[in-house]
Amino acid sequence: MQHVEMLIEALPYIKRFAGQTMVVKYGGAAMLDESLKAAVMQDIALLHYVGLQPIVVHGGGPEVSDAMARMGKTPQFVSGLRVTDSETMEIVEMVLAGKTNKGIVAHLNQQGATAVGLSGKDGNLIVAEQETSKGDIGYVGKVVQINPQLIHTLTRDGYVPVISSVGIGRSGESYNINADTAAAALAAALHATKLILMTDVEGLYRDFSDKSSLISTLTLDEARLMMSSRQIDRGMIPKIESCITALDGGVARTHIIDGREPHALLTEIFTDEGIGTMIYDPAREEINE
Amino acid sequence: MQHVEMLIEALPYIKRFAGQTMVVKYGGAAMLDESLKAAVMQDIALLHYVGLQPIVVHGGGPEVSDAMARMGKTPQFVSGLRVTDSETMEIVEMVLAGKTNKGIVAHLNQQGATAVGLSGKDGNLIVAEQETSKGDIGYVGKVVQINPQLIHTLTRDGYVPVISSVGIGRSGESYNINADTAAAALAAALHATKLILMTDVEGLYRDFSDKSSLISTLTLDEARLMMSSRQIDRGMIPKIESCITALDGGVARTHIIDGREPHALLTEIFTDEGIGTMIYDPAREEINE
Amino acid sequence: MQHVEMLIEALPYIKRFAGQTMVVKYGGAAMLDESLKAAVMQDIALLHYVGLQPIVVHGGGPEVSDAMARMGKTPQFVSGLRVTDSETMEIVEMVLAGKTNKGIVAHLNQQGATAVGLSGKDGNLIVAEQETSKGDIGYVGKVVQINPQLIHTLTRDGYVPVISSVGIGRSGESYNINADTAAAALAAALHATKLILMTDVEGLYRDFSDKSSLISTLTLDEARLMMSSRQIDRGMIPKIESCITALDGGVARTHIIDGREPHALLTEIFTDEGIGTMIYDPAREEINE
Amino acid sequence: MQHVEMLIEALPYIKRFAGQTMVVKYGGAAMLDESLKAAVMQDIALLHYVGLQPIVVHGGGPEVSDAMARMGKTPQFVSGLRVTDSETMEIVEMVLAGKTNKGIVAHLNQQGATAVGLSGKDGNLIVAEQETSKGDIGYVGKVVQINPQLIHTLTRDGYVPVISSVGIGRSGESYNINADTAAAALAAALHATKLILMTDVEGLYRDFSDKSSLISTLTLDEARLMMSSRQIDRGMIPKIESCITALDGGVARTHIIDGREPHALLTEIFTDEGIGTMIYDPAREEINE
Amino acid sequence: MQHVEMLIEALPYIKRFAGQTMVVKYGGAAMLDESLKAAVMQDIALLHYVGLQPIVVHGGGPEVSDAMARMGKTPQFVSGLRVTDSETMEIVEMVLAGKTNKGIVAHLNQQGATAVGLSGKDGNLIVAEQETSKGDIGYVGKVVQINPQLIHTLTRDGYVPVISSVGIGRSGESYNINADTAAAALAAALHATKLILMTDVEGLYRDFSDKSSLISTLTLDEARLMMSSRQIDRGMIPKIESCITALDGGVARTHIIDGREPHALLTEIFTDEGIGTMIYDPAREEINE
Amino acid sequence: MQHVEMLIEALPYIKRFAGQTMVVKYGGAAMLDESLKAAVMQDIALLHYVGLQPIVVHGGGPEVSDAMARMGKTPQFVSGLRVTDSETMEIVEMVLAGKTNKGIVAHLNQQGATAVGLSGKDGNLIVAEQETSKGDIGYVGKVVQINPQLIHTLTRDGYVPVISSVGIGRSGESYNINADTAAAALAAALHATKLILMTDVEGLYRDFSDKSSLISTLTLDEARLMMSSRQIDRGMIPKIESCITALDGGVARTHIIDGREPHALLTEIFTDEGIGTMIYDPAREEINE
């Protein structure tokens, strides 16, 4: 009986988000630990079944490095970006689109939420060009256009899209895209209600050396201020940038959550307190209510 | 966190019944007690939001007797059936279609599941003729035809139908129909997965004087046998008959549950044990699996 | 042969109004006299069959007072509005939604125009709040919002909606709404071509003590002027107000017709002279032609 | 007022035939006399507007002979069939498809029923081959296949199809088809409710020399018997044959009516007595009721 | 093998024009010579099958004059326009709608592209009024309105429309319309990508007495200038005017091609050089790219 | 001009196959040689644009062996089947789904035919179980079910599906499936008109040591006979088996073509002679014609 009362408590959240699109960047520990992985897959299947529209975006850094090692290549990084020569790009694409992506698809199918795995090449979903701000580091790309029609084709017929963060260039070449960035661009193009980034930290800290300074909610203006004042831990910079991009693109709320917590996703969506750090635009919030 | 784990436990049931029609006969204590009523309304709204298709059928005996008393009429019964002269029929219809029905509709709307109240007259939904097996007891009717198109019209656009058990005769006259019977006929016509009858007892007892003999599951054949051996408490007879009618009409499973238990409906649908007594046809069960 | 020539005479009107929505406030003598009632039902069925879209709105004052009397309650009125305590509201709703409404539905079904009876609670059709302009007279409401989706759901599948003038409050409570007012609000929300109010008078008189002063057509400006100059019989005030509301809301033409004349409805729609008083906005008229 | 009561009398027929297809062979005096022509056009427009689906099929014998005369050709007939050399066929097609057909279309458009004129070539509607039973009389054809898709395309969007009785051969050549025959084949292919043949006689006579022996209704078996007993006036033979073909093809009722009577079409459809001679299959009649 | 390589060369053009509407004015030598006619029919069938949407518009001057001669009438012309009394109009319509049009339809059907022949009367497609700029020359009309819905109805279901240039007046009377003009008006109303006029000249000459001065492309401004400077051969004036009308109405490109060349149509559409003279608006061209 | 005449020659084939599904197994030399690859991609894009529905299925043996070598693993084969331990399966899947598949997708996108790359896991497209007929050789699978819904979802919206021959087991595990076998199963499930297997031989030889004995057409019965008489080169056995499976499953014709010939695909489809060996069922052929 306690069981069903819990369901009743979730009812207001189910109603509130019915039919809405949630872009989830899946990554970090939740991708490596089998038990966390299973919990995420259940969460996504549940979102699907109670009438929300989850879209999964993933990278797969550790698996790429592992495959490179097996092929005798040593990964190199410049400013946190993987130097990606054409051989490396081929390995990145094989691992992301051929292994990680299809693994997630198989897992979701097992949970009863029929999934379709895509890369940014499929349906010209993520058009990219070379990222040159850090010099020439090869096939590292930035998003220049999202063609979201394929996602609508699939979700209209009840499939859960799972997207690996590989972009397609104007000549058909592949680009390695940061998965947070890809998720943000997709969230904006799909007019998603939420962008949720799964990380391996609790959230954003006001002072990143002080674990007690976790920020629960942050306005878009405050986030911009923190970015310019360089108060942010380097690893968090692309995540905050992705949140800002998504908010600027019309997404209502963005979340940085701790993927090390089982069912962090459902906790964020189906409880009032949520979890991690929410960055939002108070101006738009008023309009929505 | 405990909260969301409970949601995950419900996932298999949500998947299993997604898109399926459940006809719920709402009545008894669950209709009179405000807190039980609120729990039922939440249950139905939840079924709606997690993708099932609930159809509510109700009677309203106590409210009818009450209104008759206020109008100076004394209810009379023959073999458990209300003797229904034309003045009584008018009161029955006013109470069921004008008070009870619209009360349920308002409650469901408050829970966010937009409801539409109907009687068997609307869209010629329940065509009836006089029940003459107990002699002439007036406008007591039996179902001769269900025209389910109106229900499909409403559910296709996301409404929850709430149906009062009044039938329409060939000349437009009204008939007082037993709500269990009406629910069974609707469940068959709608090819429902389940018919669930809310009662004020725990379920069916093998020996109705022995509360420890509650039957958890019963096959259609066993139910027929019990009916013929007159082992059944008189008040349960129309309920068992309704279950048999529904099973014969193609409904997969029928349930007699205890409406005095809060959230009995969700407990029946979203737990393995279920609650109350299930009557089913093992022959069809095998086909389904 | 004469018979079919009459049909041919109706052809221009049938063409002109094909597919258009006509909101008909049904009430007064035409609701009480069985032969007038039968004629109105035929008229509505014919409108339906020749391709117009009739929407019926009704009140039911005399039946409410009668039921109150049977329950030992004495109706009270303030400025023509029924003082409506919660017990009275329950009686109003039972009578309108449970008796009058379902009676009209059964009659239309007999005429072959399959009808669905609704109150303003169904599908949150008529959202209301307390009318306080005359002090606190209980559950007397004014319309705050029309949610017309349910009407479109039903008419798209060929049903004739019949609506009792009960509104639903923000907390699910019931409100007694003037049927002319409800009809006007529905006509505006449904972008109806005509609002037709059936009354027990010939129409509007320029001087209400002089029966020879019947007004055939009146512009919106003239109607406003008459309202401000207090030339109008008190009983007509809510009707004129309803017409003005509908015209302001975009309805093309409004009509006050004499329900005591058999087939007044068809006469208004299918003859050049029409019947009763038409109030219209000449500015919009020019645009339409 | 009398006016609208007449409309009410038509209501049962309007209901009965709502949405049903009526194939009308238009010809004879009704095509030549301007006032009869105007009446037929009104009738068809009315059928369209009150929700039936009229399909007009026409020939045009007198106009063809007239055009031939103007071009210096003398019509020749064998067993009532026009000997049709290729030059004659060209004239037949020009007159039927270019003059008669477009004249009917313009007339119907004027009545507000937007028409589309077709010959059997359009959309390969009427596939024909040479009629050889009377020897080689040129491009006289018999129907070998009806492709009704084009008719469905047009009626779905509200157009009234007007079809001239020209068939298309396997090599694209034209064939002159008897219009009664073409109408019967179309009625069967379109699963029409009625086939109505407009003629210049009152109907079928039991003894064609005795005008008082007009037959009101005739069963399919009786019609077959009369055909074999050679009791029928030669001009009526192709009409009776067309009726039998249509009945064998599933049409419910067939009618031979007197096109010299104004509004004979409406009289047949909208009165109980009908007009002219009805040939029907009593076996099927029972099934329908 | 050479065969299929040719197909590959057409691929870019097929892609570029996929789904686009091409209005083709068919006339001149290509209509009279059987082998050219066959080639045009193949071209149109191919356009249809590779996913373009051809719309054929035709006149039929020589056939009209021929029929008039056979009926003993002598054609008269004023400023290149046929003086069209009512008898002449009847002949024009019979020839265009009854002979030429149905001949094209039969030809296209043979090629596997199912065609439907229309005149401007069908579906009120081309509404016209008397052309009075050259005085009263009878039933010569100018286009006042295009009602393109019928074309959409037919193309949505895969038919190729073939339209004879006859217009319908406000009273249903027929008008003889220049086929180039009709094609231009249809191209604008259908938002066609191209208007292609088949003529019996190579194209437009800068100096019409010098065959070496053929113009390959011409801007809208240049065309207007040439028109005002009277440099254009009289027979070309209505063609240039039609191109200007179409361009002003939003058509992207207009072409005057030489119908005496077999497969001129495909050559224009499926090669870079094209053929004949293209008149286009460079301003719009930039927007399109 | 010659150019467009070639297009006209293809018209009969374009008509014949319009809207039909062609499953193409892409493999062998045509996958390794860049210029052959480009020609195949053009062919598929052309099929798409002229209205056929190509479905591409691919394996990728040489690329798999190459990747294994780079990862220090030595491929092992039993009866022509790759022994597939779990590490090998991971490499197979990465290469097929992550490299080969996305490479084909990018190529087709460049040709303007928007493609979507899938493995048998996506949408549970190819359900498989372990192939045990050759003993336990690991994750080598056989098809147990095709769920073709995802393919219909994609083709309805104009995408070209590209499928790598990986199957999904009941527990979500991956299986390595022979690409010919997968193509045959898909062709049957999709009711394809043709299954076309691209190979590195000219076709099937009656005597495989005699290159002059190439078989142009073979009936299903003859194919079965050749299989049982062991006349067939070992490498051809799975191809013939796939053809037989597809024919038994309802595919009309199957083809073994020489992928070393540029544009072999178009040559097979768009010429009368075709190329390679066709295996078909004469019994069904007659039904089709």
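Odds and ends about this structure:
We just call them A, B, C, D, E and F in the order they show up, numbering each chain from 1.
Quick note on the criterion: contacts are C-beta pairs under 8 Å (C-beta built on N, C-alpha and C of every residue); 3 or more make two chains touch, one makes a residue touch a chain.
Computed from a prediction, not measured in an experiment: that's the story for all the values here.
Graph distance from chain A to chain F, where chains that touch are one step apart, equals 1.
Distance between chain A and chain E, defined via averaged C-alpha coordinates, is recorded as 55 Å.
Remark: chain A and chain D have CA centroids separated by 68 Å (rounded to whole angstrom). Separating the centre of chain C from that of chain D, both taken as means of CA atoms, is a distance of 46 Å. Each chain touches its neighbours in a single ring, whose members, counted from chain D through chain E onward, are D, E, F, A, B, C. Every residue of chain F that touches chain E in the complex is listed here, in rising order: 1-11, 14-15, 18, 39, 42-43, 45-46, 49-51, 111-112, 261-263, 266-267, 270-271.
Within the complex formed with chain C, the chain B residues making contact are 67, 70-72, 90, 93-99, 101-102, 105-107, 109-110, 114-119, 121-124, 149-150, 153-154, 157, 159, 166, 168, 171-174.
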